[in-house]
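What follows is subunit A paired twice: with subunit B in the first complex and subunit C in the second.
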Partner chain A sequence: MDGGKVTLGRTAGLYLGAAVLRLALFTLFPGLADLLTGRVEISTPVTSFKRLQEGLFLYDHNVSPYDGGVYHQAPLFLPLFSLLPSLPIFTYLLYIAVDILSAGALLKIADSGEAGSSALFTSPRREKRWSGFVIATVFLFNPFTIATCIGRSTSVFTTCAILHAIAKAVAGAPFGAMVALSFAAYLSMYPLLLLPPLLLLCYDRQPPESAIKPGVQSAATNILVVVGVLAALFQMSYFITGSWEFLPSTYGVQLTLSDLTPNIGLWWYFFIEMFDSFRSFFLAVFWLHLSCYVGGLTIRLRRQPLVVLTLLLGIFSIFKPYPSISDASLFLAMVPLYRHVFPLMRYTFVIAAVIMYTTFLGPAFYHLWIYAGSGNANFFYAITLVWGLGQSLLVCDLTFAVLRDEWEVERPEMVGKDIRQI
Partner chain B sequence: MSARRSLDIGALGGTSSSKATTDAAIAENVAPHAVIDETSGARKQPPPEKASDVRRRTYVILSFWLIVLLLGLPIWWRTTTIHRANLPLDEMLDWADGKACRPVFPLRISIQANSLQEQEAQNLLRLTQHALDDLNDFSGHHLRLQLSPPAAEESHHGDDGAALTIRLIPGESTTSTLDPYAPILDITYPPNSIPSPTSSSSSLATYVAGQLRSTFAEEQAIISFLLSNNSIPSEHRPQGLTPEAAESLSKRTTRSLKYAPTYHLTFSLFASGPLPSSWDIEAAIDEFMKPVLNVLTPIHNFTIDTQVQLYANPGVQSQILSKEDLSSFINAAEWPLSPSIGGAPTINFIVFVGNQTILTAPRETSETEGGLSTSQSWLVPQWGTVYLLSLPSDTAHVSAATLRQPLLTFTSHLLSLTGTPQSGSLPLRLSTLARIRSADLLLRASSTLGSLARLALALPSISIPGSVADGVSKTMTHLRLACETLGGPEGLAHARIAEAEAERAFFEKSMVGQLYFPDEHKLAVYLPLLGPVGVPLLMGLLNEIKAWRKRRRERAERGAEKKKE
Partner chain C sequence: MRQLFSLLLLSLVALCFAPHASAADYHEQLVLRPLPLSALLASFNFRSNTTLSAFEAHNFRFFPRSLGQILQHAGTRELHLRFSLGRWDAESWGARPWEGAREGGTGVELWAWLEADTDEEADRKWRTLTNALSGLFCASLNFIDGTRTTRPVMSFQPEGNHPNSTMTNMHLLYGVLPHEVVCTENLTPFLKLLPCKGKAGIATLLDGHKLFDASWQSMAIDVRPVCPPGGECVLEMEQTIDMVLDIERSKRPRGNPIPRPPPAHELKCDTSKPYHSGDTCFPADYNANQDWSLSQIFGRTMKGTCPLTDPNVPPVCLQVPNSRGVYITGGATEKKNLDLVSRCYEIAPDTPEFEMVLPRPESNEESGQAAVVVQEVVKPETPLLYAERSFTGHGQEHGGVQTILRNPSPDTEVEFIYMETLPWFMRIYLHTIEARIEGQAGASKQDPLIQEVYYRPAVDRARGTQLEVRMRIPPASTVFLTYDFEKSILRYTEYPPDANRGFDVAAAVITILNPNPNPNATSPRFAAYNLRTTSLLCSLPTPDFSMPYNVIIFTSTAIALAFGGMFNIIVRRFVAANEGPEMTLTAVKERLRKRFGGFLQKYRGKADEKKSE
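Presenting the complex of A and B:
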């Protein structure tokens, strides 16, 4: 009993600490928020807070927020932000609250132990794990998370929705999971690809006391829930903006990459160079590439759906059209759940080095290109390539570690031995 | 990258040990990985794969291939097939070669001979037509005489579609005068020159024919010049064009602007000092230029703007301008003479107030230009006119009366710049201009069609959007109409539309960008990305098929063994 209270107090302290740190950054460095809002690493055309303000201004003046082609975010942000009192402190508090909600969901996921032992698979190493408190701390005090929060990128809402979807699924509440996922998909579209592993996770985590429904039936119900919630959200958006214009302006922009503002992803440079006649084909190729991992990973790692979700988040953070460090922070928040397979990873040092290296060199090269004029676009793109490389190394290494963990259950005599291809 | 990795590991993870006895035959060759026992160095055979692992690997590979086949291939097909609208290539080439339309200008000349007997007049007409046909060597330009009924007198010249009316009036001697305000040729004849019904020749008939021919000589020359510059087959081509005549014509056509339905006229007053700062240009234009602009309206529209610029430095500083200086007089860098605004070509008329004079009126050019050049002004081909106006230095306002001479010069230069022929009365010149322009537009639209057809034939990989096919069919419809009504006002309208449509179709934006795109480029576009993606996909599929065939063969063998037993 006492222990529970202590944990509760500890968690509250953690949240308080994170909130105070963010609030201090907001208020003690008044220029920092605007500086970070303008950074390409944090604000992409589909998540930028500046663009949100532009849309908000148009919305408040009864002009369609999508006029002018600057605002590409979901319409439901507009009433939310226009209801906030105009003092900036309320915006800060909203963003801090969203971060803490995300951390809460992450804490629940971690404490459920799903990462170590799922319904179909139990890792022999599961005892060696970090508590939810540690994982939430790693998330809340990750510089990427803090920078995203201070930069007020709207991707924090998507992060929060995804984490809650997973937390609900783990808690055995498929309805809540599907609603949260629908919100994430409504805000950023790409989380819809998380649906298959999430369905499996929901199926695996059904509370044992309730009658186990057959897989197809529960999947169909869940999909119906997603469709229904999305339809309701679209209908609300239609009522808010008065037209269906928001569909091409939000999802259309992500699908066609019509805004080529540089970001840390791999798409923009490619499509600047692309021949016009091949543009639509390669857009399709890039999107198919992004989505083709879903099926393969879900089948291969059927026994650990949470791993699939984690890996997919990593893949999205590399290959989605407008990635930012916010996506990386979400992936990095999920990775510590697999503390027990860290000893099996082979490139931890390289990965850490590459991520640090790009974190410092990326802004420097961007400065050289845009402000100093002594570099060109290739400088920045090279760094984004390395950043992508670092993240894909992490995805690969984690996949390897998880598979090796599975494999050692089947062949206990091979524990600790090297693997060679013959 | 990570997909490939996960596949490799997938295969690795599948090498299981626990149920070694299940299906030895399957596992023997399928399992691609083995583990080397490092202490001994000896190679151990990996335990056989579980059937469920094999199946799972198949599903994984299938899931990738399903996306490639079900989504990738249709998208590839849809996004990269070149849309080629059907073009009537043969017909287009026919137009370009002049096979589809033979430009013929049948000009009807009506003869009014009120004082003659019907029969006498008919006879005279027949003889004149004979004389004309003898003189004429160009079948495309045909003069046909007709007798206008005596009752219909003054009231409707031109209404019946006749290009020219000849009024035969009895008089003392054989003279001819061209009415300056109407397309009427007055010919007086002595009474005794009326040919008798039996005579086969008559001096009057020959005279009338000669007069007609000289009246239309310039038009004929210009049209035959236009045709000769095109790819019209030689049998339609006129022969009687001397090299000198052709040269002077080509000089004149290069001087005139390319046809446009609208011209923009810019009147600029440039003063070398602070004065004059205002001018009565509106009144002057209304008085001296508007009449001509009005008669040109059926052929061109005009928009006008004016400007005044003080302290304007000409490109040449010297007081006396020699002929060579004239070309650099216009200070293109500093004078605000904008090029074409809003699509319509601009004609510039510049009044320069200063004390420069032209050294000598260039004699040799004034001959070819038909006396258009004066000592105050000169014409810049396809551009406009400069007029040097010397005024007392304290003149602050230029009155309309002062602008009379400049504007009259501008007006005559405008006619020259629009390509109006120089001989004959104004109505005749204008109707000739309309005919010349329609022939010109017709030929230009045809040759654009031909270029488009040749382009479509030469580049099989170029996409032809539907709008181009649309434009081509519109062009052809209007060309056909224009060809039928050549010489009339509708002919010009149709030719104008045809030319605009043909240009629009030829310069279609989406086509121009793709003019050069050879197949090697496609390789360079596809390979860098799809190559690395495709290799693991293909290898996975091939391995899977190989393993499947092996399994099947072994199953068959086992079946055979069982049968033997």
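Presenting the complex of A and C:
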């Protein structure tokens, strides 16, 4: 009992520390928030806080924010932020609270031990893991997370919803998980692709005391919940904005990439340079590529759905249309759950070096292109390529480590031996 | 015989039309106004009327048939077209001619009231109109598409008299091409619309070389119906050309156009300067270059008068103080006006050429230079408002627009509408718009400068931003109107060939409202004064145009690496390093030896046999 209390106190201290750090950054450096809001690495056209303010301004003045090319975010943000008192401190507190809620969900996921032992698979190395406290600390004090919070990107709401969906699924509450996932999908659309592994996770983590439902039935119920919640959210949005024109403006922009503002992803420069006649073809190919991982990973890693979710989050943070470092921070928050397979990873040094290298060189090259004029667009493009490659190396390496961990259950004598894949 | 016949026909035609054509149907006038700093404003005005009934019956006399048919086809009730170049220097030249009503922003500007039942029909007619005018005036007016067309709400009002029945379904559309370079090919069709086609009268002075060499010039066409009280409604077409010529530049001889400093002994020095000495000279006549003749500044003399013009309107007027002497050719008579600062010249119809010479005023050099300037030039009128607009910020990512508006009047407040039409790739943030009076920290709450805002946000690739702000500026104060915008990056095919030059942003249109519009007047002027800021050049971030293939290849490679790596890991089986089928280099060599080893052995054996033989 005492230990539990101490942990609780420790966690509260962690949250307090994270909140104080963020509040200090907000208040001691008043220009920092606006500086970070303007950075392309943090704010994308679909998550920018400045665009949200513009949408809010138009909404408050009875101009439809979707009848324009600036606001591409979900309609429910509008009443939420217009109900907030106009003092900026309330916005800061909201963003800090969202970050802490995300950390709470992450703590629950980590403490459940799902990463090491799922319903169908138990890793022999599961004992070697970090506690939820450490993982929440890594998330809350990750510079990417802090920068996203200070830059007030609305992707933190998606992050929070995804983490809560996973936490609820792990806790054996499929209804809550589906509601949270629907919110995430409503806010940014791409989390809908997480539905198949999340269904499996929910199925695997059904509380043993309740009657085990057959898989198809539980999946159907859960999908119905998602559809129902999404329908309700869309209906609410319709009532808020008075028309359906928010659909093409929020989700259509992500599908067609009409706004080519630079970001850390691979899409923007590709579609700037794309020939007009092939544009729609390659848009379809890119979306197909993004979604093709869902099926393969879900089947291959059927025994560990949480791994599938983690890997998918990594893939999304590389290949989605408007990625930002907020997506990377979500992926990097999930990676420490697999502390037990870290020894099996082969390129940890290369990955860490590449991520550091791009983190420092990316802003520098962007400055050279946009402000100094001594570089051109290829400078920043090259860095986004390297960033994408570094992250994909991390995703691949983690997949390799997890699969080898699974394989070594079958072949315990191979631990520490050289292996190859045929 | 044929000549006689045509002469007969001509006189017959003249006889037929003579009773219908009242002399007031067409007149033309040139007003010359010397401005400070060796500039000269020349305002050409050509006005022709045709009755609406004659127009409807396709009976064109002074009204050009080509334009008339376009207007009828496109259902245009009122048309305003502007071709402009350069910048009006209000600080030194004062108020604009015609109170700014005949002026456009840099490039081409077109606005028209079209009669249509629906917005779609209006758009269709607008497209017809712009395409037809594009052909008529050799301008790229056909590029006025959806992204460049707006429907102003507050800034414009019809100038003509429209019956209430048509007023209800008239649509105002406004398009602007700031990038269009106005040149000689636009002047030629403009002159062709005149009844005398530029062959006689004041239009003979218009020479492309001089017109487009001006510091500022604006060509305007205005078509509007006018109903005089008690008379028949007429369709009035007014063609105006205003230009500010640099006299010194115009007087440069054509054979030797490169300006060179005059030799020292020809230099006139301002002896009143304290540093004046044998080797130091402040050029005295730099600011006071006010002696010129028509043929010097226009490159030619005026070829008589247009026989169709109303003889009661003097064709040439000059606005200089009455004390200045002017030489004119014979056949013309000078008539000084009562206001002491203008005079007009009536030219007898049979005068072959008209020339006017303003000699250097008999200045009393010892009285100082300043006095001479005041004598030569009428002091320009102070405009109601000064406006200048510029970009703020640096870099190709974010930026801001700042307009400095100054009300020079010491006691009158000025109320106006500020209109901007911005291209869609400038994403403006309306929540950052702010108006503040110079010297005050923030916008005052109780007496806001911004009275009303009409805003239509841009849609990517479909529609430009339209911003209209009604503002009020207290007397003798300067107001800064600022807002932020973001520069978006375009597809590489959307950039012009000179992408790094930047994109032209149309001039802001400022319409100063008439403080007490007289509703009883025949055409109540809604605007007291119009002015336009200069256009701006917005530089957007550019991609590397040379490497679409490289980008496609590099990105595809990165994706293929990620996908391939993942696919490999997922699909292939794990085995220990020494298990499973070997595919190393030694294994391949071994397999090759097995297959071809025997053959090689045989061949070698044969060779050995041969050697032993």
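Throughout what follows, the second predicted complex is superposed on the first by the 419 of 422 C-alpha atoms of A that agree within 3 Å, B and C clash if a C-alpha of one lies under 4 Å from a C-alpha of the other, contacts with A are read in each partner's own complex, and residues count from 1 in each chain.
In this section, a residue touches a chain if its C-beta (ideal position, glycine included) is under 8 Å from a C-beta of that chain, and two chains touch if they have at least 3 such contacts.
Computed from a predicted model, the values in this text were never measured in an experiment.
**Q** Both complexes share subunit A, so when I overlay them there, do subunit B and subunit C fit or clash?
**A** clash
**Q** In this superposition, which partner touches a larger number of subunit A residues, subunit B or subunit C?
**A** After superposing on chain A, more of subunit A is contacted by C.
**Q** Going by the contact rule set out at the top, does A:D418 touch subunit B (first), subunit C (second), both, or neither?
**A** Both partners, subunit B and subunit C.
**Q** Examine A:G295 and indicate which partner it touches, taking first as subunit B and second as subunit C; both and neither are also allowed.
**A** first
**Q** Contact-wise, after the overlay, does A:F360 reach subunit B, subunit C, both or neither (first, second, both, neither)?
**A** neither
**Q** Just to be sure I read the superposition right, which of the two partners does A:D276 touch: subunit B = first, subunit C = second, or both, or neither?
**A** So A:D276 meets both subunit B and subunit C here.
**Q** So in the superposed three-chain picture, is A:A284 touching just subunit B, just subunit C, both, or none of them (first/second/both/neither)?
**A** A:A284 sits against subunit B, while subunit C stays out of touch.
**Q** Mind working out whether A:F175 is in touch with subunit B, subunit C, both or neither, as first, second, both or neither?
**A** Neither subunit B nor subunit C is touched by A:F175.
**Q** With the two complexes superposed on chain A, say which partner A:W407 touches: subunit B (first), subunit C (second), both, or neither.
**A** A:W407 sits against subunit B and subunit C alike.
**Q** In the superposed arrangement, does A:V395 touch subunit B (first), subunit C (second), both or neither?
**A** Both subunit B and subunit C are touched by A:V395.
**Q** Of the listed segments of subunit B (81-89, 189-197, 387-395 or 549-557), which one clashes with subunit C in the superposed model?
**A** 387-395
**Q** Identify the overlap between the subunit B-contacting and the subunit C-contacting residues of subunit A.
**A** Subunit A residues touching both partners: 275-276, 289, 293, 296-297, 300, 315, 392, 395-396, 399-400, 403-404, 407, 411, 414, 417-422.
**Q** Which residues, counting only subunit A, touch subunit B once they are in their complex?
**A** Per the touch definition, subunit A meets subunit B at residues 275-278, 280-282, 284-285, 288-289, 291-293, 295-297, 299-300, 302, 311, 315, 392, 395-396, 399-400, 403-404, 406-407, 410-411, 413-414, 417-422.
**Q** Which residues of subunit C touch subunit A in the complex?
**A** Where subunit C meets subunit A, its residues are 394-398, 424, 427, 429-431, 455-461, 486, 488-493, 541-544, 547-548, 551-552, 554-555, 558-559, 561-563, 565-570, 572-577, 580-581.
**Q** Write out the stretch or stretches of subunit B touching subunit A in their complex.
**A** Touch residues, subunit B against subunit A: 1-3, 5-10, 12-13, 15-18, 32-38, 43, 47, 56, 59-60, 63-64, 66-68, 71-72, 75-76, 79-80, 463, 513-514, 517, 521, 525, 529-530, 533.
**Q** So in the complex, which bits of subunit A are touching subunit C?
**A** Spelled out, the residues of subunit A in touch with subunit C are 38, 40, 50, 53-54, 56-58, 63, 67-70, 258-262, 266, 268-276, 289, 293, 296-297, 300, 315, 318-319, 369-371, 376-378, 381, 385, 388-389, 392-393, 395-396, 399-400, 403-404, 407, 411, 414, 417-422.
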